[in-house]
Amino acid sequence: MQTFPKKQLTIIFEKPILPRMRRLLDAEGVTGYTIFPALAGRGTQGAWDSEGTLGDTGKMVQMLCVLDGDACDRVLDHVFGLLGGQIGIVTVQDVQVIRPAHF
Amino acid sequence: MQTFPKKQLTIIFEKPILPRMRRLLDAEGVTGYTIFPALAGRGTQGAWDSEGTLGDTGKMVQMLCVLDGDACDRVLDHVFGLLGGQIGIVTVQDVQVIRPAHF
Amino acid sequence: MQTFPKKQLTIIFEKPILPRMRRLLDAEGVTGYTIFPALAGRGTQGAWDSEGTLGDTGKMVQMLCVLDGDACDRVLDHVFGLLGGQIGIVTVQDVQVIRPAHF
Amino acid sequence: MMDSFFALASANLLSPPVLFFVLGFAGAFAGSNLTLPEPVAKTLSIYLMLAIGFKGGAAAAAHGLGTDLVIALVSGAILSAFIPLVAYGMLGAMAKLPVVDRAAVAAHYGSISIVTFVAATAAMRTVGLEYEGFLVAVAAVMETPAILVALFIASRASGRRSEKGEVLSEVFLNSSIVVLTGAFIIGMITGEAGLKEIDGFITVPFKGVLCLFLLDMGAVAGRGVRSGWQGMSAGLVAFALIMPFVSALIALPFGLASGLSTGGIAVLMTLAASASYIAVPAAMRLALPEARPSIYLTLSLGFTFPMNLTIGIPVYTAIARFVAG
Amino acid sequence: MMDSFFALASANLLSPPVLFFVLGFAGAFAGSNLTLPEPVAKTLSIYLMLAIGFKGGAAAAAHGLGTDLVIALVSGAILSAFIPLVAYGMLGAMAKLPVVDRAAVAAHYGSISIVTFVAATAAMRTVGLEYEGFLVAVAAVMETPAILVALFIASRASGRRSEKGEVLSEVFLNSSIVVLTGAFIIGMITGEAGLKEIDGFITVPFKGVLCLFLLDMGAVAGRGVRSGWQGMSAGLVAFALIMPFVSALIALPFGLASGLSTGGIAVLMTLAASASYIAVPAAMRLALPEARPSIYLTLSLGFTFPMNLTIGIPVYTAIARFVAG
Amino acid sequence: MMDSFFALASANLLSPPVLFFVLGFAGAFAGSNLTLPEPVAKTLSIYLMLAIGFKGGAAAAAHGLGTDLVIALVSGAILSAFIPLVAYGMLGAMAKLPVVDRAAVAAHYGSISIVTFVAATAAMRTVGLEYEGFLVAVAAVMETPAILVALFIASRASGRRSEKGEVLSEVFLNSSIVVLTGAFIIGMITGEAGLKEIDGFITVPFKGVLCLFLLDMGAVAGRGVRSGWQGMSAGLVAFALIMPFVSALIALPFGLASGLSTGGIAVLMTLAASASYIAVPAAMRLALPEARPSIYLTLSLGFTFPMNLTIGIPVYTAIARFVAG
């Protein structure tokens, strides 16, 4: 099957800013994204666990967004602006898709 | 450590067809797969949120399957057949594994 | 934007040994990791489903850890030691990050 | 009849369950998120099935079952199979929709909403009307025929053939039907004695749990309207608000012919008027994936459900009283 | 006063809710995980809001509302706006903290903890003191002013400007405030009759549910202390233990001036003494992300909350009795 | 004795809790998914621990504790340590299993199932037999010795050495043991007065909650049998059905020697006969990972648990009555 190269942007960030992040991606016009709940983790700012955490503070989510290389660069800029003082990490990977028009 | 190249097939699709998808992968004889719950997202058909959704309709899941390059092509064909009118996206990535016989 | 290559280590393993796995990664001095809950799956040892499972036995989680190539090799060794008789799979992928110092 | 209707309507509108529904709906509409976490909402719905099923079974055991049950079950099945045809026709007249969407919507209106049923029984209690316990079994029977009829319509109209077996087993093995009928049977077996044993769980907190659940349902419905509003045409909204009255009137003669009590007739009318938003949508994703959930879910959950809860139930009750009481 | 205090304190400490809290705290401290699954904990907190709001509304309807409500609401708003200033000052004197952290902590202590409020009302019932039902509305009003004041302090001191609109709408649309005030209004509308209808849900199991919830809260607090201990200085811990008494004393004259009953004064003092650990932290992540959650959460949840539950409430009650009773 | 047994058996089999269990089991076997969402199932099990522990403590406080408690605790510990040896031997005779699997299964049968215990106490109430409140504490004591003995067997037989410390702390800090014993102690402290305060939560809905929980357990067990069936041999299934009676008979003299009431003896026999399916499996994944969960879980949850619930409990009760009553 013929495949086409795209970028997969993965952002792990704190849940309280999820609405902001969604607004950002919507504003950038990415065609789609999916958000996954995380269970626990550790970073430079210590360990966390969703069990035994009240409300959204201290919980992390993962946002996964498949998009064009160019769009990726543009979105990355804005994401870094948003993440400023917030807790989180960002990675980029190469992926192949079949229906390039969808992304 | 010596590693061996494999493919990682990632399918994000709507939860109501999960049993069908599992039957498909079982029939294709893939050695394994893992399914993750998604929390929210947006695509060409609009935004969704698992909170405030009744039943499985409107929820998405992610299926992750590490497999051989050849098997990947074959499975992809069938997955596209299944996803026909359904909501969802498919990506393929390169991964390295240690115990190639397991996959 | 300039990006730097790192490795992403993904381990899918059974939930009862999660505390052990976290201790291992802490001992190895990785800068961070994130854990995700899985919903269901199948492997060489059969199918499982988190619904209808009591306690942690039979549930799987996914640990995702972005780290340096060298660190990755070292951690892999220990992870294999730990996973010995346990149920689980390990993959390695190439990823790009922006702030290399964070990892 | 008007007097009686206004009394009923205000008693219904000012009851805690309906007010909590309105709170959830208004909150969601204003942008607040009042939905319960999903695992809890699912459990509350299982609780409602279990309680309503068990109490229905215990009541049926007390009063004995006879031919009236059989007649009511057959009436329910006929209603569920016939209403989709009417809905399909009305949709064709009132809105421009592709055939699959029309068929899918029709399936929803032929099938039923158990929460609407529970709200109707709670309303009967408030106004002091008795109803037959076995109507729980009728509700269970009314879930599926509509789906089959809708698939038949869709396959005739569009040539699309779907795996009915998978869809039906999905619906039959659906936890809500199994719990409802299972609890009904257990209630019949253990009778009054069994009811007394678990009264503190299925009766004492029942109405309050219903309030909590309707708060959540209101929030879900409010969200649905908020996000699904754009895709709606005036014709579709009109359909969602008028169709329930049509269905209720179709059910009226069946209720009379089955020899049901006044309250029982009102409940049967409500069942007919209610539209599914859990079991049928899931079945439609399997059987008619081209049909758009944003249409059928918004109509049944965002418009018909709130309308039935607030205005529909008192109207059906007033009609039942006028005709039968 | 001492006698009365010791009687109150032991009645409070040996009540099931407080003992379950201690069990959770001790268990978590020893390394056991007694927390409830998150969706359930969230639901229990919605249940508590719904029950306490509804009962408050029904009580307010029974006794009628007048200028005393207005005065109490204004008192609450003033307290919520004023206490952060005091807290900010005290923090400056007692600990070395960056300005943003100080402002964030101050916001928490000006706002309130609904669970502490619920515990206080349960304690009033145990010792036989009445309190005004409308204090639920006062609690709702006290959630937000503190946040605004803290953001004002932070922007003056650090030049940092934050999008107040987003933060405020986040807090206002927060499910707990909406459920609390919504249930209060529904309770006012349906009054005693409504209360009787859903009594089996919001009164019968109430205290037991509170026990289960406090078991969870104890476990969360114990975890918080266990993991946040290192980041604490003696001055910060002292602040968390002393500040509540300062706030309670500030609230005392307001309670007297509002003409509240003795129990009502004790509850208002408790509200002032309590510190937020759900709504305000989420708001701070949006408005002051540089402020460290490990500091404000550990202080309010790990130290102030347990102190209020065990020692604070009986002390405030004893003071209220001494002054007003 | 036969008469009494049949009366007991039918009273047990036709009680709502057992019927709901059967509904869940049959539904799951037919392919329906009646399991509750996991967070809710976990919470219900915490609720049952809390309620049963508290009531046991309050009862123990009312009747006073003496040497009989100590004797019963020691009896429990001995039973939990001894039964695995018998189970290990029987398994060797009845099935061909690797040593680690045998040891792991033995650990499960020495330990206990709290839900079976709860079902036994509910059954005692149905047939009007008293039992000692402190048996809750005995249940807690019986959870762990079996694990130690099994690890000892495994390390002797296979040379495999496991980190006992980690495993034991995992089991001791397990929320179910902590809640059970913690609630027992709180019940002892607050006594009858405390019980009256939270009665509306831990007594009023108790039996109904048990029904809901057993519906879920039935569904889980039914699934287990459905999917684990292939891996079973006739010998293993026979073991799962016979071993409980062996354990119950071993417990009988201990019950008599401890001076327990007839109901108390029946409950102790049930404890001995029950097999763990939550705490011990998790411990085995840590200590004996080569042992296959598909074997020990299917045996204890899929066969022994349903057998105890339906047939076992009335048989043990009949024996206790025959011997002691």
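Letters A, B, C, D, E and F mark the chains in the order given here, with residues in each chain numbered from 1 onward.
Heads up, the rule we're going with is that a residue touches a chain if its C-beta (ideal position, glycine included) is under 8 Å from a C-beta of that chain, and two chains touch if they have at least 3 such contacts.
What you see is a predicted model; the values in this text were computed from it and never measured.
The chains touching subunit D as well as subunit F are E.
Number of steps on the shortest path from subunit C to subunit D, with steps defined by chain touch: 2. A centroid comparison over C-alpha atoms places A as the chain most distant from subunit F.
In this assembly, the chain whose C-alpha centre lies farthest from subunit D is C. Separating the centre of subunit D from that of subunit E, both taken as means of CA atoms, is a distance of 41 Å. Distance between subunit A and subunit F, defined via averaged C-alpha coordinates, is recorded as 46 Å. As a whole-number value, the distance joining the C-alpha centres of subunit C and subunit F reads 35 Å. Counting partner chains per residue, subunit B shows two or more touched chains at residues 36-37, 47, 93-94. Shown for subunit D are the residues that touch two or more other chains, namely 33, 37-40, 204-205. By the contact rule set out at the top, the touching chain pairs are A-B, A-C, A-E, B-C, B-D, C-F, D-E, D-F, E-F.
Contacts from subunit E toward subunit F in the complex involve residues 14-16, 19-20, 23, 27, 30-34, 36-40, 203-209, 211-212, 215. Against subunit E, in their complex, subunit A makes its touches with residues 14, 16-17, 20, 45-47, 50-58, 84-86. Partner subunit C is touched in their complex by these residues of subunit A: 10, 12, 36-44, 47, 60, 62, 73, 76-77, 80, 89-94. The touching residues of subunit E, when paired with subunit D in their complex, are 37-40, 42-43, 46-47, 50, 54, 169, 172-175, 178-179, 182-183, 186, 189-190, 194, 197-202, 204-205. Listed in rising order, the residues of subunit F touching subunit C in the complex are 28, 33, 35, 37-38, 41, 166, 219-220, 223, 227, 277-279, 281-282, 284-286, 289-290, 293-294, 297, 301.
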